[in-house]
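Before we start, here is the structure in question, set down as C-alpha cells.
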Amino acid sequence: MSPEIKPDFLISPEGLRVDGRRPDELRPIELKVGVLKQADGSASIRQGKTYILAAVYGPRELHPRHLTLNDRAYLRVEYRMATFSVPDRKRPAPSRREKEISMVIANALKPALFLEEYPKAVVDVFIQVIQADGGTRCAAINAASLALADAGIPMKSLVPAVAVGKADGQLLVDLGDEEDKYGQGDVPMAILPQTGEITLLQQDGFFTREELIEAMQMGINSCKYLHELQKDALKRVYVRNPEDGEDDFDDDLEADLGESEIMEDE
Amino acid sequence: MGDYSSETLSHIDRKFIEDLIRKGERLDGRAFDEYRNIEIEANVVPAKAEGSALVRLGDTSVVAGVKVLVGEPYPDSPDEGVTMVTAEMSPIASPLFELGPPKEDAIELARIVDRGVRESETVDTKSLCIEEGKKVYMVFADVYPLEYDGNLIDASSIAVNAALLTTKYPEMKVEDKKVVATGNIVKLPIKNIAIEHTVSKIGNRLIIDANLREEFVQDCRLTMAVDQNDNFTALQKGGGSGPISLELVDQAMGMALDNAKEIKDLINAAVKDVE
Amino acid sequence: MSPEIKPDFLISPEGLRVDGRRPDELRPIELKVGVLKQADGSASIRQGKTYILAAVYGPRELHPRHLTLNDRAYLRVEYRMATFSVPDRKRPAPSRREKEISMVIANALKPALFLEEYPKAVVDVFIQVIQADGGTRCAAINAASLALADAGIPMKSLVPAVAVGKADGQLLVDLGDEEDKYGQGDVPMAILPQTGEITLLQQDGFFTREELIEAMQMGINSCKYLHELQKDALKRVYVRNPEDGEDDFDDDLEADLGESEIMEDE
Amino acid sequence: MGDYSSETLSHIDRKFIEDLIRKGERLDGRAFDEYRNIEIEANVVPAKAEGSALVRLGDTSVVAGVKVLVGEPYPDSPDEGVTMVTAEMSPIASPLFELGPPKEDAIELARIVDRGVRESETVDTKSLCIEEGKKVYMVFADVYPLEYDGNLIDASSIAVNAALLTTKYPEMKVEDKKVVATGNIVKLPIKNIAIEHTVSKIGNRLIIDANLREEFVQDCRLTMAVDQNDNFTALQKGGGSGPISLELVDQAMGMALDNAKEIKDLINAAVKDVE
Amino acid sequence: MSPEIKPDFLISPEGLRVDGRRPDELRPIELKVGVLKQADGSASIRQGKTYILAAVYGPRELHPRHLTLNDRAYLRVEYRMATFSVPDRKRPAPSRREKEISMVIANALKPALFLEEYPKAVVDVFIQVIQADGGTRCAAINAASLALADAGIPMKSLVPAVAVGKADGQLLVDLGDEEDKYGQGDVPMAILPQTGEITLLQQDGFFTREELIEAMQMGINSCKYLHELQKDALKRVYVRNPEDGEDDFDDDLEADLGESEIMEDE
Amino acid sequence: MGDYSSETLSHIDRKFIEDLIRKGERLDGRAFDEYRNIEIEANVVPAKAEGSALVRLGDTSVVAGVKVLVGEPYPDSPDEGVTMVTAEMSPIASPLFELGPPKEDAIELARIVDRGVRESETVDTKSLCIEEGKKVYMVFADVYPLEYDGNLIDASSIAVNAALLTTKYPEMKVEDKKVVATGNIVKLPIKNIAIEHTVSKIGNRLIIDANLREEFVQDCRLTMAVDQNDNFTALQKGGGSGPISLELVDQAMGMALDNAKEIKDLINAAVKDVE
C-alpha cells in the first residue's frame, strides 16, 4: 500500500540520477560492526534506504547431523526479508527467492573463508532485511562479511558486493528501487578484492556483451571502494587506541582477527 | 521464553541466582519491580512500512513493523477491519533459537502479543471499513526479535504498540467497484492502548522484566496487559509449569499497575516526534 | 451454518442467566472414566453441550528420541477439535490456537504428576473435542486429569478447572458459548485442590484488579466442587464393591491408584 | 488397517489364529460371515454439527459429523453441490496410530469411505445448487476413529451414512447478490445409500468384519460398497499384498450382499428417531 | 483448457466404441524396455494416448533408516503425474490420489517379487505419467513390472494390468478418457499370469455381482494377452541374437533375468 | 547441478578429468566449445498439453509441457498475462536425486530457467489479456528431467522454449461476465527467444555443456541467456563457489554467442512441423 509512480526520467538532462547521484556514485553507506549482543559476530548496513542486519553464530555443532562435512565447516546462510521491508507485505514463510539468494550469498562468501579449519562444524550466517530499497543481496554480503570477521572466522579477506544496472541506456552503480524497477537491467556481483575475482554474478535485463563487461568493470571498482569502507568499519571496533592514528592499524587488526586480513596484498 | 534451563545454566549458577533473589537482590542490581532501561526508536522503517518501532529492553531488542492492506472482511463482521499480530523467534536473536517452522514458544509469543492488541481493542476496527461486506483495511503488525536477553513479550508489546501509534497509510475508497486512493494520508484509528507486563515467580518472590538468566530459573511467569484505564485486558500464565497462589497473582497485578503509566508515557514521547 | 442471534440480555431482571443458571452455578456435568478400550486410561466429560474425550497412552518409549528428558517423563498433550465441533467447519490441520491450548493444558497438569518416576519415557494425553460450547480447555483438563489417573500415572491429586467470566457487568461461573461471545471477558483457570494454587490462568476482556481477584476466588470455589465430581467419577469405576458404601472408598481407591490420592489432605 | 503385524503380534499368536480359521472358527466365536455387534447413536453432536453419528462395531468405535457450508461450485459442474468425506487416524484410537501428517493408511481410509459416498451418488448434488455457477452447498462429512479394534472402514461407512441421513441445515437463497437464510430448515437430499462391507482373506478362507488380531494375519482385504439396489458401487482390495482368486472375490461379494440389508435396516432404525 | 464435449453415444449401433474398437479390444500398445540410461531398470508404455515412464533404482540402501524391513527389501513406489498430463493443470505437489495409487501399485507388484532376497534394502520404482488418457494406474503397472525385470530384481513373473469398464450398459476393456468420464464404471485390475490370481482390484460406478464377475473375467483374459506383449518387449532387449529366431529365447531370457520367468508354467 | 563430488567421484577420477582438460581434451572427445548431440522432439504430449517438447542433450533428457489457464492478473499489471516456469529434479532421472520437497539445487534450476523466459520477455504478456483487471491467460511451462547426465539447465531451457513455440490454445472472451471460448485456436504470442548456455570453469579452462562427470570437477558454472539479437538477458554464476575472473567471464560469453544461433535454428526446425 505504498503506491509508486513511475518517474519521467531516470537520468536527468544534466546526467544525474533521480536521487541526484552521478552514474558511478554509491548511495550513502553506513556500516557498523558488533551491533547484536547475542551473536558471536554481527554487523549492520544502511545503504540508501536499504537496512540489513547480519549475525554469525559458530563455529558450532551442526544439527541435523547428516549435513556434516568431514573436511570443512558447513557455511549455512539464511537470508530473510521482514514482512514489512517491501511495498506489499511479504508472506512470513521463506520464499523460493529467499532460498536462492541464501545459496548465492553462501557461494559468494565461501571463497574468502578458511572453512577447512573447522571440519564437521557449522558457521551460521543469519541475515535480516529490515528495509529493502534495492541491492539487498549485495548489501547483505557486505554486512555478512563483516559479521564473519567480527565472529573471528578465519578469512582471506572481506567480500565487498555491489549491483550495477542500466537505466535510460546508461550504466549506473548501486541501483535504488526505482532504478531497478523502471530500468533495463541489473548485475549484482561480489569480488575477492585482492585478485578482483568474481564470487557472485547474476544479471537480468538486456545487455550487449560490451555493456556487460563495462558494467562488471564498474562493479569491480565500486567493490574496491566498498572494501575500504568495510575495513574502516572494522577498525572503528577493533583498533584499541584510535588516538594513535591509522599507521599502526593494520598490525593491530591482524592481531585481533587472526588470519583474516593477512593475505591481502593491496 | 522457553524452558532452556537444563541445557544452558549450571546448577551452581541456578542456586546462586535463587539465593540472591531470596536475599532480595537481583543479578544486575535492579529492584524487584524495576524494568531495565527502555529505549524506543519510532519509525525505523520509514520508506516501506506504514508504521514501525525498534525497542531495546536492556540487552533485549525487537523491531516491529506494520503493513496496511486492503482485503475482504470476515463474514461474521462485515463492517470491521482486521488486525493481526505475528512474531517469530528468528535465529538471529539467540543461539537458543532454531531454524525451521515455529515451535510452541514462538506460537505462544505471537498469540500473547496478538491477544494484547485484539482483546484490548487497541485499533478501532469499525473505522477500518471501506465498503461494508466488500472491502476493509487489514492491519498486520509483525515482530522480529533481534537480541534475546529475556522478556521478549514486553519488548514486543511495547514495539507493536509504538508501531501502531506511528502508522499512517493512504486512504482508499471504492469507485466504480474498484478500490482507488483518495490522495489523503490518514492515521490508524487507535481506541485503547494496553501494554503487557511480565512478572516472573522465583521461589516465593516476584520480579518484573526478567532477563535471560532469571528466566532460566523462574517457576513460571505471568503476563498482564494493562490498558490506559488500568483495566486488565489479557493475562497469561506461562514460562514453566510452577503453580502460583492467588496472593502472588494479586501482588503481580500490583507490580504491573505500578509500571503501566510510566511505560505508556515513554511510548507516547517516542512517537510524538513522528509526523 | 448455524446462525446465532445475540440475546437481548445475558442476565435477566431476576439475576438468572440465559439458560436459567445462577451466576455461580455450573452447567450439568457428566464425567465418565474408562470409556475408550484401546487407551491405557481415558475419560469423557459432558459439560452443558460441551463434549470431550481424553485418552492417555504411556508411560511408553518416546519418538523422536531427541525430545527425551533424562530426569522425567515428557508429558505430551495434543488438544484437537473435531471439524464439526464448532459453528463453522474447523480446518482439519491443527491450528495455532490448538497448539497453544495443548501447551497450557500440559502446564496445568504437570504440577500434579510424579513424572520423575519415568525418566526418558513419554506420557501422551490425546484430547478430542467432539462438541464445543464454551469452556473446552477447562473441561479438557477435567477429563485429562481423570484419564491420567485411570492410566495409573502417579499423581499428587486430580486437577479441576473452570472458566469464570463477566457478562452484563456480573461475574459468572462456567460460561456457555453465548455468554463467552457476547460477554465482557473470560478467565479460564485450573488449580491444585490441596493448596488452591493455580496451575492454569489466562484472561481476556476487561476486568479491574478487584474483579479479577473476585473472579479467581469464584473459580477456586468451583474447582473444589469439580474436584468432588472428579473423585466421584473415579469411585464409580475403581471401588470394588459399591454395596459396601463409601466408608471404605478412600482406602480402596488409594490401593488402586497407587500414590494418586495419597497426598490429598482435605 | 495397516501392516502392523511384525511389531505387534508374535508368531505363536499368528499361527494360533490361522489354525483356528482353518478349523472354521474365529477368536470370538463368530461365524465367518457374521458382523460384531453394531450400535448406532445418531445425532451425537446436536448443537454444532448439521448431522452426526457415533458407531460401535464391537470394540471399534468412530464418530462422524457433517457440516454444510456455502461455497462456489467446481467450474466443470456449475449446477452441482460438493460432497467430501475425510477421515484421520487420530492417535486417541490406538497405540498403533502416530501423531503427525496422515500416512498412506489414513489416506486410504479417507479415500475409500469418500468413494463409497461419491461413487454411490449418495447425496443428490444437483439439489445442492443455490445459484448456478455462483453458490452451492458444500457437504463435509468428517470421521474420527475413537477406538480401533479392526475394520475402521465399515464402521466409518456406517457412521458417515447415518450422519448424512440425520443432516438438516438452514436453507439459503441469493438475494441482491448476497446469500441469506430463507428461515427454513431442510433435510439433506439423499439419493442412494451404499454401505461398505469388508471381507478379509486369511489363507483360503474369508471372514467379514475382522477384528484387530484377525487383521494382523490377513493376506488382504476386499472392501465392497453395496447400494440399496444390491449394486456394487465401489470396491477396493487393500490391507496387504496377498493375491486373491476370482472365485474368492465372488464369494466375498456374496458375503457382502448377505449382510447389506440388515445393516441398512439398523441405520434406518437409528436415524428414525432424529427429527 | 481442453474443452471436452460429451459424445452422443459411447457404443455405436454397430457395437463399436468411439475410437472404433470392439468391446474386448485393447488400444494400440507400445512397450519399450531400457529407455532411461541413469536408472538401473526402466520401461515406457504408450497405450492409446496414455504415455508413462517407469524407472527402478535398487536394491540400494534405504533412507530414512527407520523404514528398513529386516526380512525383505522395502518396495517404494512413487506414482506421479506431470502437471501437463491432464486436461487441467495438476498442482505440482503429490496429491492424495497419487499417494493412494502409489500404494495400490506397490501391492499389485509385491506378490511377483522375491523381495526377501534383499533384506534391509529398498527397491525404488518411480513412475512418471507424461500424458494421461485413461487407465494410467494399469499402464503404470505394465511398465513398472518391465522396469523391475530390466533392473534384474528377481521375480516370479511379470504383472500385467488392465481396466475393464462399462458404458451404455456394455462391458468394455481398456477404457479411454471419454469412456471413463461418461461411462457407468471402471474396474482396474492386475494379475499374476500363472495362476490368474488378482493383485490389484478396485472399482467404481454401478455393477451387479454378475457384471462384476464377467468384467473381471474379461480383465483376466486381457491381462494374459498383455503378458505376452510384456514378454515380447523384454525379448527385444534381452535376446542376444535375434537372428536365431525365437526358439532359443526362453532359455536366453531366463539366463539373463535370473529367476524372473522360471516359475512361469503357462 | 549440485555438489555431489565427494560422494560419487573418486580422487583418481577427478585428477584424471582435470589433467585431461588441462591438456585441452574432454572425456568424450568434444571441443571445449562444443555441445553434445541435441535432439528435439516437439509436441510429445499432443492430447493434453497446449505445447510440449522432449529434449536430449547427449545422455541428458528432459520433457517440458505448457498449460494455458484463465486466471486473474496481478494487481500491479492488470493488463498483462502471467508466465511461470517450474522444474523439479524428479528422482526418476538420477540416483543422485531424492524424494521429498525441492532442495536448493532444484529451486535454483527452476528459477534460472524461469528467469531465462521472463527476463527475455519471451512471451508477449500484454497480448495475454482477456479483460483488463479481470481475466488473463496464465501460461505454465513445467519441466521434468528424465535422465541426468549433466547440464540440466540448457536442456530445460531448450525444451521450455520449444514447448512455448508449439503452444496453441482455445481463444477465450468474456461474455455476460462469463469466460467462454470463441471457437478459435490461437498460437501463443512469442516476442523474443533466448536460450541458456552454460559454461563450466575447471581450473583455468572453460568448457560448454558439461556432462555429469565434468560437473563433478567444475569450480563453478556460468549460465547465460542469449536472445535472438545477441543480447544477454539473464546470467547466473552457480554450481560451486569457485571464483572467476572478468577475463574468463568475457570468454564464456563468447562461447555462448558462438553457439546461440545454431541451437535456435535446431529449435525452429523442430517446431516447424507442428501445425
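In this document, chain identifiers A, B, C, D, E and F correspond to the written order of the chains, with residue numbering beginning at 1 in each.
We adopt the following convention: a contact is a pair of C-beta atoms (placed from the backbone, for glycine too) under 8 Å apart; a residue touches a chain by one contact, two chains touch by 3 or more.
Remember, it's a predicted structure, so these values are computed and weren't measured experimentally.
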Touching chain D and chain E alike are none
Check E-F, D-E or C-D against B-C and flag the pair whose interface repeats it, over half of the contact pairs matching by residue number.
-> D-E
Rounded Å distance, chain B centre to chain E centre (Cα mean) = 59
Indicate the whole-number Å distance between the mean C-alpha point of chain A and the mean C-alpha point of chain F.
-> 29
How many Å are there between the centre of chain A and the centre of chain B, using C-alpha atoms for each centre?
-> 32
Contacting residues of chain A [partner chain B, same complex] = 1-3, 36-39, 49, 51, 53, 55, 57, 60, 63, 78, 80, 82-89, 92, 124, 126-128, 130-133
Provide the residue numbers of chain A that touch chain F in the complex, in ascending order.
-> 69, 71, 96-97, 99-100, 102-104, 106-108, 110-111, 187, 191-192, 195-209, 212-213, 216-217, 220
Touch list for chain D against partner chain C, complex | 44-50, 52, 59, 63, 65-70, 86, 88, 90-95, 98-99, 140, 142, 144, 146-149, 169-170, 181
Residues of chain F that touch chain A when the two form their complex | 6, 104, 107-108, 110-111, 115, 119, 220, 222, 227, 230-238, 240-246, 249-250, 253-254, 257
